[in-house]
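Chain lettering (A, B, C, D, E and F) follows the sequence in which the chains are written, and residue indices restart at 1 in each chain.
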């Protein structure tokens, strides 16, 4: 756990050996760990560690809508509440939800909505609570990824999973999976999410400077990274069912 | 467009030639321009320029009351929402509505209420939105005046129009139609509005110092100014119907 | 009325003669005065002066619950709203209710609830408004005491009255009925309230440092003080009925 | 003062109005009579000035606190005097909890304006050091029992809290405030004694000092603040309209009434 | 821009969609046509810069105000330029009163991001004295009539308010700002002219500059901000998804369109 | 901890109560047993101290952040340690979104009071320069899964975040803070180890460490914070009443229990 005193940006974001500051190659993902079914009270839940990001997601629903007037007669509604813990960032965040948290909540909602069959649940709501306990860049992508897992864990019918990653540009070079420092000090940031059922982008944001050629290249690289993340999600879901199976077997043995 | 750097009050509010700082005579109104039917989405609308004041008013109604508990079973309700743009004043106004905006909203409501037949519209509401885009003194009077026009433009039955003007006292002299600087640096301020159907005052405020004689004189002068403003309002309404008529004729010609 | 300029704590809280700074003995109560039926509009009311504390309490109810969703189908609800006037303390309090006011509101609610027969009033609420106009330590106890009186004055059936007092420790010694300065500069503070019908504590808070022996002694001393306060409450209620009786007699004489 | 959340029956309104037309009021007063006044000062230990005022069954307690701080840039040698009002839910089933509503804000504003334009509070005496440090006075009005006409009761209450105040005197020494041990009192702080006089209007009937039932049914009210020989402020509320003749008549009447009440109450007796 | 509180019938949506499939729009435009633009600058006397922009029936007024204050510690020699947007209830029955909702915040944010990443506002020119004092510009966008595609109208409006601005020039003299009597104008403050271009998507149909009915029924929108030869920002809203090929096509199209519109509107004519 | 928005059937309450009367609890514990504890420290990279604590199925994560700033005028040589708690809606269908409710505020307050009066945090060690600059510690408790008795779990969690903290050491050099490169650790910051012990009461039955169903049906709770040989704070919540004999018994029992748990958990192992 590195304790830094000043939140300064380095002049260069590549080391002399051509690696990124955290030792990664240009298109290497940070270590990712996902687990589902981690919270007892929720209908579905997931936990994710992605680099130093540590994020919990919980799903409640389908359930009655509060306040009532938000309910829709012809379909269910999806509501996502993204929050960061005060201590999840370098400078303590104020406890009240900020504009950025509301924005990301909306972004993640729009990302997940296309994979759900909300028309099957008129008058109800699905609520997804995402709590970032530790943050290090790319939390909107990590949150989308872990929220999709929590929905799957809740057994809610889905067209497919959703995976997300932030591409970027630092020191003139395109890179995959921006870290916190690369996000702040870099030249461009392109978070995107894919809905696997149609292989289209459900999240796409871009801020920075790129020409068209770079942008096109970025999209190709994104696809590669998204494939890897999808694999890890599927592993996490499989692992739960293997665990359950083994518990049953264990139960039988013990019995 | 005069760009000033410091919002300072002059020592004298009359020039050496006896005119006011903006060149007006004591009881001369600033230039006034009014137009109705200026906003496509509203049920009725009006735009007013009065000196440097630039104000839009829009009327929506009769329509369902939100929130419901405000509805009255025996009559319609009138709600006025007066707001100033952040850039409408010398020092940028904070975006959230302030106490002054709420106060003027209430004042204008009380001014307009007597001319409406609200008892004919039980359970509904009329909402009048007044947005001051540029302000230069006397906005509560200008707002009352333009709001009455927007109500008329919406075709809502009215006992009469309402006209308003701010009288005042500067350097010991009574004047008509206070400008912004005269309002701030003067000795007394008397905004008033008249409901023409009974020729009584529906707005009357006074702040400053006057003896009884001055006050009585002020009321007489106010009546003269209000007559002139009423004329301009009637012209604006007529102009719309002339315009419509000409369009029809034009249409016939063109057809 | 002593006007102090700086809110400083003295080094010692006992005078050389062994008395407390306000001249009291260790277990002497401050002067207490109570009166019921002091506010015309309320269903029940009481006024209390306890040292420099001056507190009004008013009860409204049983009445309809606002907002409706707070109503309970099987019993009435008790709501207490404790507020301090801006000028009731040394440094002007901000007008909006603070956390401390909400906390004390909750504490007093929990204190009074056990003596009411709320199950007899399904769907309704009792609202107790407590306004501290002048404060000098022990306001949560004084408020509990005066609120119980206001409930009795409203003729609401009660299992018993509730009495409260703050015990404490200053300069190493246990004392009864902490004053404002003793509360701030002392070593421990133990406000407690008794429900007389079962002689149990319905309020119990402790902050500071005490060993078990001191704590046990404190409870014994509290009981003695609570008995005295109970007497004063009963006197105030009696006095009202005597006054009413005398008015009737007076009425007959006068008639 | 019109946003009362109570449905008043048309019957009640007509009854009050028809009596007014006969020159009678439901509490027996004449059209131009005040209810009884009482004033007590120095009632709050923690406040630097205070008063408890009753007007009929209406009861308000006002306290004054001070702070010191830098002056407004455009008034470098003047202190500040602010007014706040709170209609406590304890005072009436008509008052709701929550942040100050329009009624509270209007009460504070009308009292403020009546006092501000009357050369009453000597803000220049509230300056400790030009450009650096002045007094900020907070005059906070709490309504304890509501029985109509809070404006006139609040006005007298604010005035008597000011008159009875005693504020530690500060001097500017080496860039800091030092307290002299003396006090500024109402004698220093207050000059003119303005009074707000409030009328109600129902239909075409006008009357002084509306009681609660009158206030609840009236079409509007008019509050006129005057000093001995000047008009200081007027505030109309509600949807009533007034003819110019009525306005002139009421301004004159206010001057007579204010002179009489201010003399009767003799507020200067409370200075310390 | 999706949280409109109106129920649109499926019939209406299908009608619009089936027309789009034939390459037709309900107002007669082609898929890649803008509605008509008008721009007027210097319309608000009290503002240091202002513009009134219409795009079809959509109308926005933007004003610019400034303050001076200390810079952010990590950008000691740069001024600040902030954007705010308000969807006035006057502008549409779909807009509600109250604090800025998601739609207003998103409008301001998309306009902000489109301008921020485009080397447009020369924040270093907005520095009076490094570490001490910089300009803070407030560019506030008010929607006066809402008829779809507020983002593009808001973007052009913000840009033209900046270009037409005239801000008193301050110098740092002995620890204070002194005003020179000259002005900073759009010529100094603005460099690149970025433009946001917004598309709607319904089903698999994509089209430029959504009108109000199109906006109300569409699955999502995509706003792309570009300068002459660079991409500056992209924002997707709503639940539509876009294939990578569609995205690439729209980025290219945005560059062509922006070049054309910026030339047509000739915003530099408004500098003073 | 009583304002749970769930209707609990009288049947459920009676069932729990009748079992308690037999000395049995629905999860098989005895009246005076705690559920199992786990403690993990240094779990959050971005925090200067952190811990994850579980008590049965209750799970909380606490992080510590610091700022530096001027001290309170009346404590010129002491730092400040504040506590905040948030009951995340993720943790239970009983928790609602929105600003901190009474339950969160009470949780933070009870933890705060238990620690504050126990000579635990050495606020004088958190002073960089008297009158000028001190540390402000923010100990923020997040409830991740709610299964009863948040106070005891929150208390241990706050304590272990403090013990495991590592705060950059600052020195006062020429009117500024300079960082020495060393750290203040739990060893310096923490002295006594207080523990809050919470009991539930249903009817006349009292029991330790209420589980969720017990908490939902109980009449009230009593939290007692103790150090090795002193009482530091008591908080009663809910409408239960306690006899004086019960109170004395529970204070004694708390001292025994706290001594045992603090020894078992051995929190000092987490200092760095």
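Quick notes on this one:
What we mean here is this: contacts are C-beta pairs under 8 Å (C-beta built on N, C-alpha and C of every residue); 3 or more make two chains touch, one makes a residue touch a chain.
All figures in this text were calculated on a predicted structure; none of them were measured in a lab.
The chains touching chain C as well as chain E do not exist; no chain touches both. Number of steps on the shortest path from chain A to chain B, with steps defined by chain touch: 2.
By residue number, the contact pairs of C-D overlap by more than half with those of exactly one pair in B-E, C-F or A-E, and this pair is B-E. Our note on geometry: chain D versus chain E, Cα centroid distance of 49 Å, whole angstroms.
Once the centre of each chain is set as its mean CA position, chain A and chain C turn out to be 53 Å apart. Each chain gets one centre point, the mean of its Cα atoms, and the points for chain B and chain D are 29 Å apart. Taking each chain's centre as the average of its CA atoms, chain A and chain D sit 59 Å apart. Among the residues of chain F, none is in touch with two or more other chains.
Residue positions of chain B in touch with at least two other chains are not found.
Arrangement of the chains shown, judged by which pairs touch: one closed cycle in which each chain has exactly two touching partners. All chains form one closed ring of contacts, and listing them from chain A in the direction of chain E gives A, E, B, D, C, F.
Considering their complex, residues 1-3, 5, 39-42, 45, 52, 54, 56-58, 60, 63, 66, 81, 83, 85-90, 92, 95-96, 127, 129-131, 133-136 of chain A touch chain F.
Across the interface of their complex, chain E is touched by residues 99, 102-103, 106, 110, 113-114, 190, 195, 198-212, 215-216, 219, 223 of chain A.
Within the complex formed with chain A, the residues of chain E that make contact are 2, 102, 105-106, 109, 113, 116-119, 220, 222, 229-244, 247-248, 251-252, 255. Listing the residues of chain D that touch chain C in their complex gives 42-48, 50, 57, 61, 63-65, 67, 84, 86, 88-93, 96-97, 99-100, 138, 140, 142, 144-147, 166, 168, 179, 183.
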